[in-house]
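What follows are several structures.
The two complexes that follow have chain A in common; it is paired with chain B in the first and with chain C in the second.
== the complex of A and B ==
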């Protein structure tokens, strides 16, 4: 099958899976509404924190109030997208390994990584993407931002790269479940990662923090996930950083793919 | 003789069975079993505990940037070092007050009907859960001791040394209140399961809100009035804020006395509330099937 037809086939499958999970979600509308209200509450808490901070400070690590607001919105939207598309699927992987239910998925005539990591869409997190976008729009309005096609295109590209990098990290962590069946702490590792991405990377300054910041920018590039798209849009447009992000995305997607396949080779079925 | 069906529907018998040593023995056996259960996944648990400290690094860096941006030495009476000490101490408060799985567990027992074991066995459900939780908390505190000692050792410069003995005593009392309020508050939320079978969603909302209103995220003093004063009247502050400010010596004299009195009152309130909800819940509870 040529790559184009293959992509079209996977897109069709993704659409069918999305429709299926949406119908499941709508069968439990009350639960869906509560999930959304928890997310609204969480955003409200993040904004309250931001308001309290800027009531007493004019800037945080060189980010002024509307710039920081944009950063918060960007993080919320990006994290929402990751949670919506991949988090639940990856979280379930260790249970599939433990029970041996993974066998059934491996027998399907479809790419294993696609099936395992994209099987379900958590529609309860979909509003996060819109809410995050709303916060970003509000921040742009506050700073009287003028539309710039180059910046906007670079933002969309780096935002997509941010999602891909976060996905690659999640796949790497998920793959470890094959060896460490109980990966509750590995998912906590994910929360650690997202907490690193939650703040501007300029806070990593000083004697011991700067090397740490460099480490998480160039070696394990989790700091660039939200920082680069937010920077591109509302602060300095740094082509070198954008280029680095593109390279990091390609490299991490490749590494995580290889590692995932290697992990599957080590899988020993638990059933029968 | 009481038919078995009627026995299931009856409220739990009063704790008449057994002499005191037997009752103690019974709860000691539960304590031991819970202790062993908690030690099964120790590597996983230790790893999780260590990782939980890592976001502390970003928090320290963020607050340093906030203080630098404000150009002030003190925000709402907290100097930078005190702020970090406060945020570190809220982790200790939460170690005592957080009760993962308690409310969800109670609601699940109601939903699945396993709650009837407390009705036919000479055991009080809240008593059982309390002992079970104490065992888990003790293992958690013992196993977290090394990583916490390491964290506080590394961060010792944020503290002005150890407080005096009197303050330490008050702090121990505040932590005990944190545990009691945390346990009975969540047990009460779990009892709601008698009326609404699914409380997980309610629990998510309560826990998310609690993160902010308990002062876990930032000291309540930083909030503008009337929010700051209002939140200090609510029970949630005892789960994070209050023990931390007691340790830092920020609550003294009358303020401390009122704080402790409030904590005792809220503890009593939730102990009674969980009992009342349990009694009433059992009255409307109906078990079907074997």
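== the complex of A and C ==
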């Protein structure tokens, strides 16, 4: 099958999976509405908190209020997209291994990583993507931003890279479930990811914080996930950082893919 | 070349030995003990295209592990296998499109949605052309009598109905090889019979190659002419179903109806299993059946007589017991 036909097939399957999960979510309407309400409340609390901070200071770590607002929107949209597409699927993987329900997925004539990590879309997180986008649009309006095709393209590319980097980390941790069976590290990692990625990397200054910031920028590049796209769009366009992000994305996707396939080779399948 | 070939297939696991109690658990954090479990210990067989073969053995004998290796879910420790001329554990798409594994204790349908939705998703994943999909779905729902149930949420179906839906999902892409792991487990006799009939009809129509494990000998008798028997990971019999009875069924059941009351000394001919009014059933060693019959007919007036093979359950149970004894002795 040529790459174009293959991509079209996978898109069709993704569309079908999305439709199925939406039907499923709508069957449990109450749960869906509660989840969306919680996310709206969470965004409102975050925005109120930053409003309070900026009422006492004109900038935080070199970011002025609209810039910071854009950063928050970018984080919210990116985080929402990852939670919507991958978090539930990756989190469920250890349970699939433990119960042996992974068997049914491995038998399908389709890429295992695709099916395992994309089979369910958490529609309850979809509003986060829209709300984050709305916050970004509001920030751009506040700073009277003028459309710049290069910056916009670089933002979209680095935003996609941010999603891919977070996905690669998830796949790496998820793969460990094959050996560990019970694996709660994914949620711990996601908490760490959310905590680190939601702040500008400039806050890591000072004797102890700076090495930590370097570590999470160059060694485990969580800090670049939101910082680079937000910087590209509303602050300085740093080509070196963009290039580093592209390289880090390619490398992490490749490593996580190899590790996932290696892990599947060790899959034992639970007794029936 | 066979449709399914296994050559000296072995699978050995390292199982953690957990020590009991809190102290044992703490010790286990630093020092783990493992035991080597030989799940499959060098199994070889060939199944020709269109054959329907039963794979029998007690719990833990290695049946499911063998099926999992043949379907590519797990890698063998050593040995080789070919299914549809593919190495199963390479899990090539071209291989996975041509076979199905149905596990009676596992569910592959979307629990909260109607089975029809899962079938549609299946159509997308297997790229089944619309016309072929409609034709196969109609054929299968008709065979299993579940036309009206496909739009009901799977979680609301009974076990038997759910199993029928699982079977439909497994057959929608018209597999050439079908691996069935206890497909009728927990089902009532009516559902069992329905599934047996469906498999039989489907096999006759499409010539699919089937390897079936089941603890219900009724399934085996209804569907398979050839039997593989495995115990402790090793194959102990490969041959016709009738041959199992011939080889391991040491006795036959002689059923007699006398003109008057049965004679008192029937125990001297074999094990008397029933004595009611004019009826008497005796288990007699196979080699002595003719002699026993002649002796009884000479001494008593018999209104009716029949000689039956022992039930398959009994024979298979004996096979397992003998294999167990041989294994323990070794």
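Assume the second predicted complex is superposed on the first by the 270 of 272 C-alpha atoms of A that agree within 3 Å, B and C clash if a C-alpha of one lies under 4 Å from a C-alpha of the other, contacts with A are read in each partner's own complex, and residues count from 1 in each chain.
Going forward, contacts are C-beta pairs under 8 Å (C-beta built on N, C-alpha and C of every residue); 3 or more make two chains touch, one makes a residue touch a chain.
Everything numeric here is computed off the predicted structure, so don't read it as measured data.
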Joint occupancy of chain A by chain B and chain C, clash or fit: fit
Contacts of A:202 with chain B and chain C, given as first, second, both or neither: first
Touching partner for A:4 - first (chain B), second (chain C), both, neither: neither
Where the C-alpha centre of chain A sits as vertex, the angle toward chain B and chain C in the overlay (nearest 10 degrees): 90
Contacts of A:58 with chain B and chain C, given as first, second, both or neither: first
Touched partner set for A:42, first chain B, second chain C, both or neither: first
First (chain B), second (chain C), both or neither touched by A:150: neither
Chain B versus chain C as contact partner of A:101, first or second or both or neither: second
Touched chain A residues, chain B compared with chain C: B
Partner chain(s) touched by A:236 [first = chain B, second = chain C, both, neither]: neither
Closest approach of chain C to chain B (Cα atoms, Å): 8
Touching both chain C and chain B, counted on chain A across the two superposed complexes: none
Residues of chain C that touch chain A when the two form their complex: 13, 64, 68, 71-75, 91, 93-94, 96-97, 100-101, 103, 105-108, 110, 112-113, 117, 120-121, 124-127, 153, 181-182
Parts of chain A lying in touch with chain C, wherever the complex brings them together: 9, 12-13, 16-17, 20, 23-24, 27-28, 100-101, 103-104, 106-110, 112, 265, 267-269, 271-272
For the chain B and chain A complex, residues of the former touching the latter: 41, 44-45, 47-48, 51-52, 54-55, 57-58, 61-62, 64-72, 75-76, 198, 201-202, 204-205, 208-209, 211-212, 217-218, 222-224
Complex contacts: residues of chain A adjacent to chain B: 30-31, 34-35, 37-38, 41-42, 45, 48-49, 52-53, 55-61, 180, 182, 184-185, 188-189, 191-192, 195-196, 198-200, 202-206, 209, 212
